[in-house]
Structures are given as structure tokens and as C-alpha cells.
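Got a structure here, written out as C-alpha cells. Questions coming.
By letter and in written order, the chains are A, B, C and D; residue numbering begins at 1 in each of them.
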Amino acid sequence: MTQSTPLRALYINCSLEKKPADSHTRRLIEHSAAVIRQAGVEVDQVHALEHQIAFGMKPDMTEHGWDRDDWPALFERVMAADILVLGTPIWLGVKSSVCTQVIERLYSSSGEKNEQGQYLYYGKAGGCLVTGNEDGVKACSMEILYALQHIGYSVPPQADAGWIGEAGPGPSYGDPVEGSDVPTGFGNEFTNRNTTFMAWNLIHMARLLRKAGGFPVGGNQGSEWERGTRSGYPLDSDGRPAG
Amino acid sequence: MTQSTPLRALYINCSLEKKPADSHTRRLIEHSAAVIRQAGVEVDQVHALEHQIAFGMKPDMTEHGWDRDDWPALFERVMAADILVLGTPIWLGVKSSVCTQVIERLYSSSGEKNEQGQYLYYGKAGGCLVTGNEDGVKACSMEILYALQHIGYSVPPQADAGWIGEAGPGPSYGDPVEGSDVPTGFGNEFTNRNTTFMAWNLIHMARLLRKAGGFPVGGNQGSEWERGTRSGYPLDSDGRPAG
Amino acid sequence: MTQSTPLRALYINCSLEKKPADSHTRRLIEHSAAVIRQAGVEVDQVHALEHQIAFGMKPDMTEHGWDRDDWPALFERVMAADILVLGTPIWLGVKSSVCTQVIERLYSSSGEKNEQGQYLYYGKAGGCLVTGNEDGVKACSMEILYALQHIGYSVPPQADAGWIGEAGPGPSYGDPVEGSDVPTGFGNEFTNRNTTFMAWNLIHMARLLRKAGGFPVGGNQGSEWERGTRSGYPLDSDGRPAG
Amino acid sequence: MTQSTPLRALYINCSLEKKPADSHTRRLIEHSAAVIRQAGVEVDQVHALEHQIAFGMKPDMTEHGWDRDDWPALFERVMAADILVLGTPIWLGVKSSVCTQVIERLYSSSGEKNEQGQYLYYGKAGGCLVTGNEDGVKACSMEILYALQHIGYSVPPQADAGWIGEAGPGPSYGDPVEGSDVPTGFGNEFTNRNTTFMAWNLIHMARLLRKAGGFPVGGNQGSEWERGTRSGYPLDSDGRPAG
């Protein structure tokens, strides 16, 4: 990717709704994407359940007993993006099974190294958007952001945003409110502000990384480590003080 | 902080051991600090239980009924550092109470804004180190890294490292091994590599941020948002489509 | 179910392996099932990925746009069992997507009430078994046991067991060990003991509940609450002190 | 404890407020305690921060370098109760440091066995109450209920209850509402119902266990396991098929 290519953000909506239009999380994604777009960043969107992603921990599960696996094609779109945002609903306090599966597949494709010998997702920025009528925004974000940084994404400040209502069942984000033209949650300035800050922070981080030509190289290359480079670590590979 | 000041990293060890020497987590911290130091970054270290940190959610709890609170002094050291690493043991699968308390106090001091109107911790990089004989490295890291990014830290790729033994009780990190001069865990190359990568990635991130003069400004200033700047968010403060 | 019907336990293996034989978690399930069986309890087993379970939060997703949904048939087996044990591998520190999906579907079928007006799963005992070469047994168990008690299961003491190896990649539970006839983890007495205690505690709890004719009735019936019974709660439905 | 002693419940409020009256969680505890009390169960209450609980993983930390440790006296009250309920606020999505510390100390006292050779807390029922203006009820409950069952408590159905407001800062549970005589959250029937069901389910479980003379014995005694009793486990202590 050259310096002149515009930045690109990919949103993967991990809703349990088969149809994109039925997803409440999608509405928050649209608000985030609007901020991203007007800043001159290209936006790509995936509704995970419109695809048949196979279960498993290999890059392409058709080589491991599955008839169909749409992941390899989606992975291309992940790699083409500088920014990845996972959107998820909350069920029983945690992220959806679809979101868990998408993370598994991201992980299953993370064995490869880039040209510098770093993990593949180095140089990209990641975040998440969460909605629910049940509580759990932070619990979902903890798992998602942890996974993203673990596989190589950089996480800028305030990389998550979300909306939930008061404890108990009730309308979801974007549901119509009787006697009002403002849908549920749209007037929540905490959610609005966090969604805005998050979008900008992802852009800022992606720009920093783009300008640096990827995540800086040195002391973080699997290929070098395997070759015996210790990069200042005080023990040798036997666990004894290095020379 | 000028461009020429050397980078500075602060490790806060949230061990449940009163004496630093009894902490197993401290041994992993030392390995990480060695990498950081030899890269020319200054290292500051705090053993939390050598201080009397009060409980509560205000910057200085002596103003709220506590006789003593060492947090304000520690907070100065947090602010003086470009990199913050929290170290914690694992108990019942989660981070220590001391670590939880340190995070609460970091949070309690996060209301202020920097000169650009961003949250105070913007422009700093954060990570964590976890040891235990029980499992839970990732669970601890999820909570710690989530908290750090939430209050403004940037989290580079692979910002956590740790060591645990096989399921069940057993020796802790650094405990002597009978008939061997290599302490428990010191020969674990997975831990060694992750600790090295993490140290370097924190340095790289801190350098990027230092070079950029802090986390880039724009769309992420609480002060601006309160003044009505929407930064491209598609809804106004009532939740209606922005003009 | 009459008092004389033998107790029945259902294990659902939420492995990401399509074939049961490839699952490491299955080996731990077998050890648990052996304890259960020899105590005179019937054992039923499901390998989730041998079924096509649809995504979604309704009891039967074929009524909501999915061509096929094997969940309703599996739900019958859940209801026929006094004990439910979910087995899961660990990926990135958390339970599998398949396990998350099974929990979503258990939840999606939990709206109904039993004859006493309690939630459907009242009167059953639940637990979990977790294996991985990565850490996270407790993190997985937290989410699974939370979900089970939330939808009505009783959780006896020490209702989880698992095995993980030392930090880093390595053999999984049951993998052959060179030069030994004992597979990986089989000699881990912590895992062996916990698996045994867990099996017995599930049996004890199920027997207590069977003997009591289900989970005791009183103060816990959705149907009664909806009718206005407050069962000693000090506030009325407006939130004012009850008369 | 004989069959005729009345049941007893202990609430430990792990608020970060030094004064009980300032705690919001306490208000929910009062509602729960009212249900418990009117059912004829004795109620004991502890506000953790009115005590000086030392940090550490031993039953009495004055033997390990601490000048004072109020835990041993609190532990007596834990052992005198059939039911334990931990109350906690939510900060950054997780339970308070005080709650984490109380759990550490419960755990640190769990090494002992009862007369039957079971872990000490066997025969008791446990639950939790959570309030916050930030989300995280379920995340807190997951960690608390996991810890309780792990050390020997039985967890009945729906053993957690809580209140949170809509996403973002706002009034806490029990805060006055302008123009209304109903404090914040008191009219939330989801919270009211769950708190009621939880109180009753804890009572039911404690009664079942009391009637059974404790948690049933068999296959769950550390003392027996150490003596070589395998209780049907299919492997011997070397991991080979049992004879």
C-alpha cells in the first residue's frame, strides 16, 4: 500500500440477525461510518451472517472437511483495510457467537508474517461497537479489543463505543419511540460522543501507522526471534542470563 | 515534555506481597524493564503495596474522609511516564485487588483534560504483565488493557505478556527448580518472546506519539464536544440528523 | 419426570472440530461421563458441530428465515436431562463460538415457564469442562456458569474442571507424549480430582432437586410476579414502599 | 449447626464509599435483606470499608507482616452464615477492588476442610448484588459467582440482581429524582423482580442444604482423594486406565 492510497476502514457486523436491516448494531455502525467517510476514509461493510463462514482454526476450512467457507474472501477485505471495527450485539452479557467466530477466523489467519517478519495485522488499527438492551458493552469490548491487539492491531484511546438501555428488557438502539421522531438511543450524547471520538482516534492511529510505513520494525519480528535475535532480552533461550 | 527528553516507562507492580522481593510478577517485570532500559528508555518502578493507596473514586481521598492517600504522589509519576505497564498476579482467574484499585485510582484522576482538551492520558502507551500458577493471563489482560485504552492510553500490538504453569498448583514464575540453575518459567520461550515484543511495541508506540507531539488532535477533544463541535457525527445533540 | 426415572446427564461438546474424534475436549468429557455413568446416571452426548444449529434468538429459527435448524431437536434432549455439562475449547482466552451459540440457543428457548410458573430450566444442575493449550479455563467457566444459573440451572460447588498446559503453544489434552504411554494431561491430578468432584457434585445437586420435586417453589415464579405477588419485596411496582 | 437454628444470611457490601450511608449498592442490599428477613432468615451485614482488611492470601495476615487484619473476625461471620451475598459497585465494567479483596480473603481461608473432608464453604449458598451507572452487572456477577462456586458455595438459579441506568453518566441507584418521590431505579420492575427471585432462591437452596445436613458427601472430599479414593474416575493417579 503506497502512501497515496486513501485509508480504508472495514466494519464487520456480527449481529445475530440474518438480514442487515434487522440489526440494531448496524445503526450505530452507520453513525460511525458517517464520521469515517466524511474524513475521506473509504468504508467497506460486511454483514457476517450474509456469508457462510465455516467454524475452525485454519485459514480455509474447505481444506478441512467443510463444503463451503466464505472466510478466505472476507480475509482479503480485512487485509485491504487499515482500520477494522467489529460490531456486536450483547447476549447474556457477552459478544455474539458470530463475533466470536469472526475473531476465531481472524486468529486462524494470523500465522503468516508480513514482509518485515511481523505478524500480518501489524500496522492496522482496531476498535468495536456494541449495542444491546442488556448490559455488557464493556465486557464485549474487553474481549474484542484484547483479541485485536493480541493478533497485531493497534488500539487507540477510547476505541469502543456502544449503547444500552436501563437494566431490563426494553427497546434496542434505533427502535422507534412513541410520540417522538428520535429513535431510541440516538439522543444519547454519551454514545454520540464516544462514537465520534472512537472514529477519529482510529483514523489518527491509522494515519500515524501509514506515515510510519506500518508498525515500526525492531524487536517484534517473529522471523528474527526464531533466528536467535534476542533484542535486549536479558535471558538466553535456555532461560539463563544472556552473555 | 520536549522532543529531547528521553522516553520514560513506569511499572506498577500490583502484587499481593507486601515486600517487593517476594513478588513473582516482579521477576517478569525485571525482564521487561531490562529490554526497555537497554533501548535508552528510563525506567521507574512502583511496588503498590509499599504505598498506602486509599480506596475511592476521587483524585485525592484525604479530601474525602481518608487520613492518608499516597495516590496523588504516585499519579505524578504516572503523568511523568510515556509508558505505563501494570503487573499483576492472578487469583481465581482475575487480576489482584491491588491492580483493580490502581486502575480505579487512574480512572479517578482521568477527569482532567490536557492542553488540547483531550483526556489526560492521551499520548501515552500502555501494557501489562501477568504471572500466576493458576490460569488467567488473558482474562487479567483483557480487563487491564480495556481500562487503559478507555482512559486514553494507546495499546500497541501484543501489549501483554505473562507466564503460568500447567493447570493446578505448582511453582510460580522464578521459583527455584530442583536440580536446575534455571528458575521456573525462565526458559519458556513463549513468555520470553512475548515479553520482548511487548517491550519494543510499547517503545515504538511511545516514540510515534512523542514524534506526533501527543495523540493527534481532532474529533477527540472533550472540550470541543462540549462546545458543540460535532466533528462529522451525523446526528445533532437531540439525536436528529445534523443539518 | 417421576422419582423413579434414573437421572440423566447431557454433555454438549462445543469443540471447533467437525469430527468428534478430533476433539481434545471430548477426552475430558469421556472421563467425566465415566464417573457419571458408574454412579447410575444415564449419559447423553451431543457433538454440536455434527448438527446444523442456526444463529438467532428464537426457539426455532426456521420460522425466521433459516432453511434448517437442528436446535429444536437438541432442545428436547436438554429438557430430558437433569444435568447439563457444556464442554468447550479455549481460543484467545475465551469459550468457542460454538459454545457461545449453544448458550444463545438455550437462552432463546428460556422464555417458557414450567407448570409451577418458574423458568424452564429450574430444577436442573449445570457445569462445564474446558480444555486448551492456551490459558483461559476460568474465563470460559465464568461465562458458561453465569449463563447457566441465569437461565435457571443450579450450580453446585466446583462445577467446572479443565486442563491447560504451561503458557505457550504445546500439546493439547490427550495428545500422545513421546516415550510415554500416558497422554498429555491424563496424569494431572488437579484436573483428575476436579473432574471427579464436579461429576459427583452435579449428581448430588440433581438428586437434591429431584427429591424436592424440582427447584422449590415460592417467590420465584414469573407467573405469580406478573399477577402482582410481591413475595416480601419492600417496594410496590411503582417503586414506593409496599403497604 | 442443628436443624433448628434459624437460617442466617450475610451481606458484605464492597462499596468504595467509606461510609455505609453513601453507598448506592447498600440500598439494593436493603431491599434484598427485607425479603430475606420477612421469610424468617436472620440477616447480618458488613460494610467492608468500615474494617481494615489486609491484602494477601493467608487466613491471618498479621502473621505475614501486616499490623492489623480484620479479616479473621469477618471470616467468623462468613462461617456463621448459610447464605453469603456480595454487593459491589461497577467501575470500568468490573467489580470493585474491595470486592476483589474480599474474594481473595475468602479464598485464602478456603484451604481448611469440614468434618466430612469437604471444602469449608460446602453447604452454603451464594449470590451477588450489583449497582452502577456504568454497565457491567453481568461481568461483575460472572466473576463473583464463579469465585463463590469455586470455593464451595452452591449457586441457585438467578443468583444475581442489579441495576444500571442507560449508557453514560447519570444518577445512581437510589438517587433522588427531581419532581418524583420515587428514587432512581426503585421503580425498575426488572430489578425488583430479580432481587426478589434471587432472595428466595438463596433461601430455598440454603434450606435444601440444611435439610440434607450440608452438601451431600461422596466423591467430593479432598481428604478421601488424597487417601487414594478415585470415586469412579477412570484413570489412576499416573493417568493410566484404572484397574
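FYI, a residue touches a chain if its C-beta (ideal position, glycine included) is under 8 Å from a C-beta of that chain, and two chains touch if they have at least 3 such contacts.
Since the structure is predicted, the reported quantities are computational estimates derived from the model, not experimental observations.
Note on connectivity: the fewest chain-to-chain touch steps from chain B to chain D number 1. Greatest centre-to-centre distance from chain B is found for C, with centres as Cα means.
Centres computed as Cα averages put chain C at a distance of 22 Å from chain D. Each chain gets a centre from the mean of its Cα atoms; for chain B and chain C, those two points are 36 Å apart. Within chain B, the positions touching two or more other chains are listed as 92-94, 138, 141-143, 146, 150, 185, 188-189. Interface residues of chain A, counted against chain B in their complex, comprise 30-31, 34-35, 38-39, 119, 121-122, 138, 141-143, 145-146, 149-160, 181-183, 185-189, 192-193, 195-197, 199-201, 203-205, 207-209, 212, 215-216, 218-220, 222, 225, 230-235, 237-240. Interface residues of chain A, counted against chain C in their complex, comprise 16-19, 49, 55-57, 64-66, 91-98, 100-101, 103-104, 107, 143, 146-147, 150.
Taken together, the chain C residues at the contact with chain B in this complex read 92-94, 134-139, 141-142, 162-169, 185, 188-191.
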